[in-house]
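Dropping a structure here in structure tokens format, bear with me for questions.
We just call them A, B, C, D, E and F in the order they show up, numbering each chain from 1.
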Amino acid sequence: MKKIEAIIRRDLYEQVKDALNAVGVQFFSFWDVRGCGKAHDKKQYRGTEYDTSFIERRFLSIVVNEAFVDITVKTILESACTGEIGDGKIFISPIEETIRIRNGERGPEAIYLKEKE
Amino acid sequence: MYTLDNLWVLIAAALVFFMQAGFALVEVGFTRSKNAGNILMKNFVDFVVGTIFFFFIGFSLMYGEDIAGFIGKLDFNIISDRVKAFSEVPNLERSGLTPYTDFFFQVVFAATAATIISGAMAERTNFAAYIVVSVFITAVIYPIQGHWIWGGGWLSQLGFHDFAGSTAVHSVGGWASLVGTIVLGPRIGKYVNGKSQAILGHNIIYGGLGVFILWIGWFGFNPGSALGFNVTAEADKVLSVSSIFVTTNAAAATGFVAAMFTSWIKYKKPDVSMSLNGVLAGLVAVTAGCDVVSPEGAMIIGAIAGVIVVLSVDFIDKVLKLDDPVGAISVHGVCGALGTLLVGFFDTTNGLFYGGEATQLLNQAIGVVAVMGTTIVLSYIMFKVIDMTMKLRVSKTVEIEGLDIHEHGQSVYNN
Amino acid sequence: MYTLDNLWVLIAAALVFFMQAGFALVEVGFTRSKNAGNILMKNFVDFVVGTIFFFFIGFSLMYGEDIAGFIGKLDFNIISDRVKAFSEVPNLERSGLTPYTDFFFQVVFAATAATIISGAMAERTNFAAYIVVSVFITAVIYPIQGHWIWGGGWLSQLGFHDFAGSTAVHSVGGWASLVGTIVLGPRIGKYVNGKSQAILGHNIIYGGLGVFILWIGWFGFNPGSALGFNVTAEADKVLSVSSIFVTTNAAAATGFVAAMFTSWIKYKKPDVSMSLNGVLAGLVAVTAGCDVVSPEGAMIIGAIAGVIVVLSVDFIDKVLKLDDPVGAISVHGVCGALGTLLVGFFDTTNGLFYGGEATQLLNQAIGVVAVMGTTIVLSYIMFKVIDMTMKLRVSKTVEIEGLDIHEHGQSVYNN
Amino acid sequence: MYTLDNLWVLIAAALVFFMQAGFALVEVGFTRSKNAGNILMKNFVDFVVGTIFFFFIGFSLMYGEDIAGFIGKLDFNIISDRVKAFSEVPNLERSGLTPYTDFFFQVVFAATAATIISGAMAERTNFAAYIVVSVFITAVIYPIQGHWIWGGGWLSQLGFHDFAGSTAVHSVGGWASLVGTIVLGPRIGKYVNGKSQAILGHNIIYGGLGVFILWIGWFGFNPGSALGFNVTAEADKVLSVSSIFVTTNAAAATGFVAAMFTSWIKYKKPDVSMSLNGVLAGLVAVTAGCDVVSPEGAMIIGAIAGVIVVLSVDFIDKVLKLDDPVGAISVHGVCGALGTLLVGFFDTTNGLFYGGEATQLLNQAIGVVAVMGTTIVLSYIMFKVIDMTMKLRVSKTVEIEGLDIHEHGQSVYNN
Amino acid sequence: MKKIEAIIRRDLYEQVKDALNAVGVQFFSFWDVRGCGKAHDKKQYRGTEYDTSFIERRFLSIVVNEAFVDITVKTILESACTGEIGDGKIFISPIEETIRIRNGERGPEAIYLKEKE
Amino acid sequence: MKKIEAIIRRDLYEQVKDALNAVGVQFFSFWDVRGCGKAHDKKQYRGTEYDTSFIERRFLSIVVNEAFVDITVKTILESACTGEIGDGKIFISPIEETIRIRNGERGPEAIYLKEKE
């Protein structure tokens, strides 16, 4: 199994989610993060400039079994891309074990609610 | 009595002033956090611009010497001249409102008309352009209609009844909002494949507090419009003002109830922000006739407005596909017009339901249509000219990343 | 004077109305964010339901023709009849409050009694059921006790002194809260192995703003209860109203100080939300006797209430194991009763500490107990019937995932 | 008229009371969330301590029997004695304010002076020490200056004009803030290598609501300082009060506009929190002369204050390197002094710009300097003594992890 | 060393934390996330339905040395399980190095404050 | 490529960010987390003690290519260290693939905006 972490523009989240759902990737977690990049946004507060150097982004953590890695990546690339700087990144890393808390089921089976399909 | 009249109207005006805080909270709460500071700024701009331009220009256009029933004569010194004249009256012979009381009560109304628009145009309007919009509304558009209705213009001569401004204030704001919304276009992401999407307000609790503040402000807005508090052999403003408190409150209450149940039936759950809109709908609707309807009549008016506001928000959002984040067009435009018309039915002396003739209703309809038409035309010209000269709408990036960061260089929420 | 009396009472009523915003903020702030919209809705429901049902039913039960000292005669048209009668008095001979002023001042009080309950029952009550609760409180339970105390019923004949409603309003709300809390049971997770757990309020700043708003509202609640503002050879309401401003404020201040230091000593740190409760405790306690105590007396009353409220919250939470998220039982029930009793000691004309006899204290005790007993019985019946017919409490899932999403289909906080 | 005078001043006092909520919101919003509960507590402490200590000590020092033009005679029973004397006047011969009205209006002013300081000293002050600061300000420092200006002391004898307290209230608070800021030192992280860093306020929307509340409060603060509302052959307080509404409002509006454009020009973007400070700057500045300037004059005063407040915040922050999180020194100290001086120019009867002589300006300057000097000396002693006896500043850990958790054991924001 | 990531119901957090502490797992980090699943909660705002398809959850990130993997997983399974759909997942992935910032200590030692026990 | 996760004191974030930027590590994401440790902070609310046992921290997720691992770790150790308990941890884990959403570029190249330098 792999963990696919995607850092995307917040405003494109709905679009990405719909695209992922459409290809069968329906389970994942996400949260809001701030992304640091080279673009140093100069902001100011009461006349003092400060440099946040971050942009508000959304972090998606998607654990999938091998069969789904490519389609997931492809789908994100398509749905999260504007072509302008700041579209974000995808990181893939290994997951050794997955366990469904509800019933203790392990392995790839735990990722998808097979019995409900 | 001179003293009491002034005391009451000044206090009422302070309450109306406070409505600015209510509008700001509703508009901030019903929109996204990335634009919260911008909306706050716009609400302040409305009021401060209103204060300045209504002082020098708007007040005389509205209340200056009548020119053909159409507009007041522009006079930069109208207030100081009136004060001078007033000061010459021996103290103990003075009566009515002092020119200051008069102006102060009027200016808080003018700013209300302007502030309505910021909600409808929220989350995508260029800040500099918005300042110019505010100027035009308080200096020109509102005073013209105001002159017709309250300044001795043709509508007041006709017998059009709009006691505290369902039409003069709210509809003007509402219809200008309508035009603004059309000229601006919807927010990015609001319509996907022609389907309306929910863009959630970021803090409905602010909205709720805002509505409470607006509600108490309305106890200045409506009863204060009696412009006094006295009793003479001919008239008892005390009774009248106290009745307006009751009718105003009654309509707000039934507005909430009606909107809550309408949303409950229509959407299976009682919607919080729609119910809040219901309060405002009831208040706006009863404003025109709060002095001439009974408490029971006010309850019915409020209830009708509460139902209509939900249907109207739905219609404007899903059928007309106009993007009005806070429901300003429905609350102020539609319910303002509605309430003005309902005076023709519920006026206890000459409303249709109380055996009156249709004349009153007809006059109300004429006023509603005239103000609607004029506001639409004038504000269309205004928005178009502003759009052509300085761009009404922010760029796509600014809109997506938030007006707060781009227009004001900072976020209002931090850790 | 007719005009001044009405002006003052109307303004006071507007301030009392504003207390609704204060209650809403305190209750929203002291509970969890997942239920914030629901509590806001309940606070609105209290007031709008109050407005409607008190108009048609409650007002006549409270102030209608007395039936055996026990209840007023039900009369749907009481207000319009009174207005009719009032209108026939020649303008210049009118005196006292207009029927509208009278009703408006009364209705905002009725809604206050109802709104107290929503806090104690927060985070687990079925919304539809709660609407019915609100109806019963404002239409039946509050008016009955109100009739006894203010409507010419047996307690007022007895000489029971409850100037602005420590008992009539606050205790009624507090004891009904007590019963509601018992019938509902504690929130999931509140008691683990019989040990009370902290369930943190999500925004104590809202609570603080709410308390400030309640505090200013109390400047309508207490001094407004003089029901006028005039001076005659016999009585000087001007002096009296101004003294009530001072006593009310003094008790609020010492309530804060006492609660702050009590929590500081008891828990080693000055607790924010307890100190805020202290303000309310002081205000509630001084409400019964604000017209007859000295500023120094008010300070002592406030201080006692400030100490007691902390102990009472602790006791109810940890010993009685009743789950009252905002401390409503302690603030309104306990301190309402306490303040009413303390009149027997601090009344400057016939309190025990000023050389008075024990009769006054006895009367106060009778009233406190009678209202407590009656409210408990009536509200127990009410809650049980509602629970049996429509379920008072939401399901476990709804409670865990939040009432906002399940009851209203949305969260009030978004991005 | 006795009744009207009291009614108006009581209502005005209630509005001034409400300013406490405004100050609390501005201070909470302009600082970090980890200290929000602490600042809220401080704002409550200011008011409750003020209420108690001003009652027993401050009031007599300010308004007691004059001792050599320098201070009033300490008298713990001053209020009850005055009430006793007042009660002996036959009801119908009473006039002016009742001793209660008088005290209540004064106490809300005293608390205002104290509350200004909490903002400047935010996020690093020991809570227990702060309570003592509050006691000294309301019991000693404010009353002394107040006696000079309003209590019959030497400045009032000199002809120093400070109608509603630009100097007596705001400058006192502002200069005490200056000293407090110096004694405390800047917050950790505020100056890195001598360069000022932005420490962002956590909720500027609270700040905006706070400013709206302060603004409406000022309609009590300034017009209420007429201490009455009547008309006699000699004077027309009605006209005067209504004019103060207009001048107060005008200065607030231009203060906003000027600060907004100043920040826009200086920093390329219209800064939200600076614009909000602009409103307060305009209000503070017009407070001294609100009764003697024209609306146009008030607009200019507000505009000057709006420009100056931005420059001053910048200067204090970046050049003097004093860490004043909310801009209290600039808003209250600098603009209070500025507004007091500007009376010498804009007073329509004897200001320099209206053909008056320089005497008035000179008197104003004497008062400004005297109050500044005295406040600085007295508050320096106070802060130093408190610092030596109980430590004014919290430890590094407490400051970094937040005062809420360490001083009050909890966070005010939870889920 | 392994990183154990557990996505649990927010309301069970206290229970899970206590259970973990009881078995000696006292160091971890957590934050709030939103979890997407198949259950598409229909919500609505001002009459427009929208599909959040997420539930509020809490994300625990626990780095442990091998010896603790089983007990940690077991403890979470026991304390975070209601048996109803939506209990969440546990993911296990490899951690190559752990460093304690305070003193630069590396490896499994860095995970537990040995010297304080 | 490696993922370097650092859990640091919130108040030191600016310092850490500046230090990282100075050594060329300019891309990363961060979010706020709560860290559980042994120190059980006793807090109280309305007189009831509760045990949060967490401290507010900031979580930095930095994906770098091998060449940058050491300098990144060193920089964090230097800039995030106060020497007092609670400084936090650094965890290093493998990343198998990185993809830039904007243009689909993969591998270590995707991490740095080379073309812009």
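The rule is short, and it goes like this: a residue touches a chain if its C-beta (ideal position, glycine included) is under 8 Å from a C-beta of that chain, and two chains touch if they have at least 3 such contacts.
These numbers come from a predicted model, not from an experiment.
Q: Mind listing the chains that sit against subunit A and also against subunit D?
A: Both subunit A and subunit D are touched by B, F, going by the contact rule given at the top.
Q: Counting shared numbers against all numbers at the contact of subunit C and subunit D, is it over half, same, or under half, different?
A: Mostly different residues: under half of the interface numbers shared.
Q: Using mean C-alpha positions as chain centres, tell me how far subunit A is from subunit C in Å, no decimals.
A: 50
Q: Counting in whole Å, what is the centre-to-centre distance of subunit B and subunit C, each centre being its mean C-alpha position?
A: Here subunit B and subunit C have centroids separated by 33 Å.
Q: Using the touch definition from the top, which residues of subunit D touch two or more other chains?
A: Only 4, 7, 11, 200-201, 267, 269, 271, 409-411, 415 qualify.
Q: Give the residues of subunit A that touch two or more other chains, as numbers and ranges in rising order.
A: Where subunit A meets two or more other chains at a single residue, that happens at 31-32, 43-45, 93-94.
Q: Please classify the inter-chain touch graph. Allowed labels: line, ring, star, complete, other.
A: other
Q: Which chains touch, pair by pair?
A: The set of touching chain pairs is A-B, A-D, A-E, A-F, B-C, B-D, B-E, C-D, C-E, C-F, D-F, E-F.
Q: Under the definition above, what is the set of subunit A residues touching subunit B in their complex?
A: 9, 11, 14, 41-45, 55-56
Q: Would you tell me which residues of subunit D are touching subunit F in their complex?
A: Of all residues in subunit D, those touching subunit F are 188-189, 400-401, 405, 409-411.
Q: Taking the touch rule as given, give the residues of subunit D at its contact with subunit A in the complex, in rising order.
A: The touching residues are 196-198, 200-201, 263, 266-267, 269, 271, 273-274, 310, 313-314, 317-318, 327.
Q: Looking at the complex, which residues from subunit F come into contact with subunit C?
A: 43-50
Q: Name, in rising order, each residue of subunit D that touches subunit C in their complex.
A: Within the complex, subunit D touches subunit C at residues 2-4, 6-7, 10-11, 13-14, 17-18, 20-21, 24-25, 28, 36-37, 40-41, 43-45, 47-49, 51-52, 55, 79-80, 83, 86-87, 90-92, 94, 97-98, 100-101, 103-104, 107, 127, 206, 404, 407-415.
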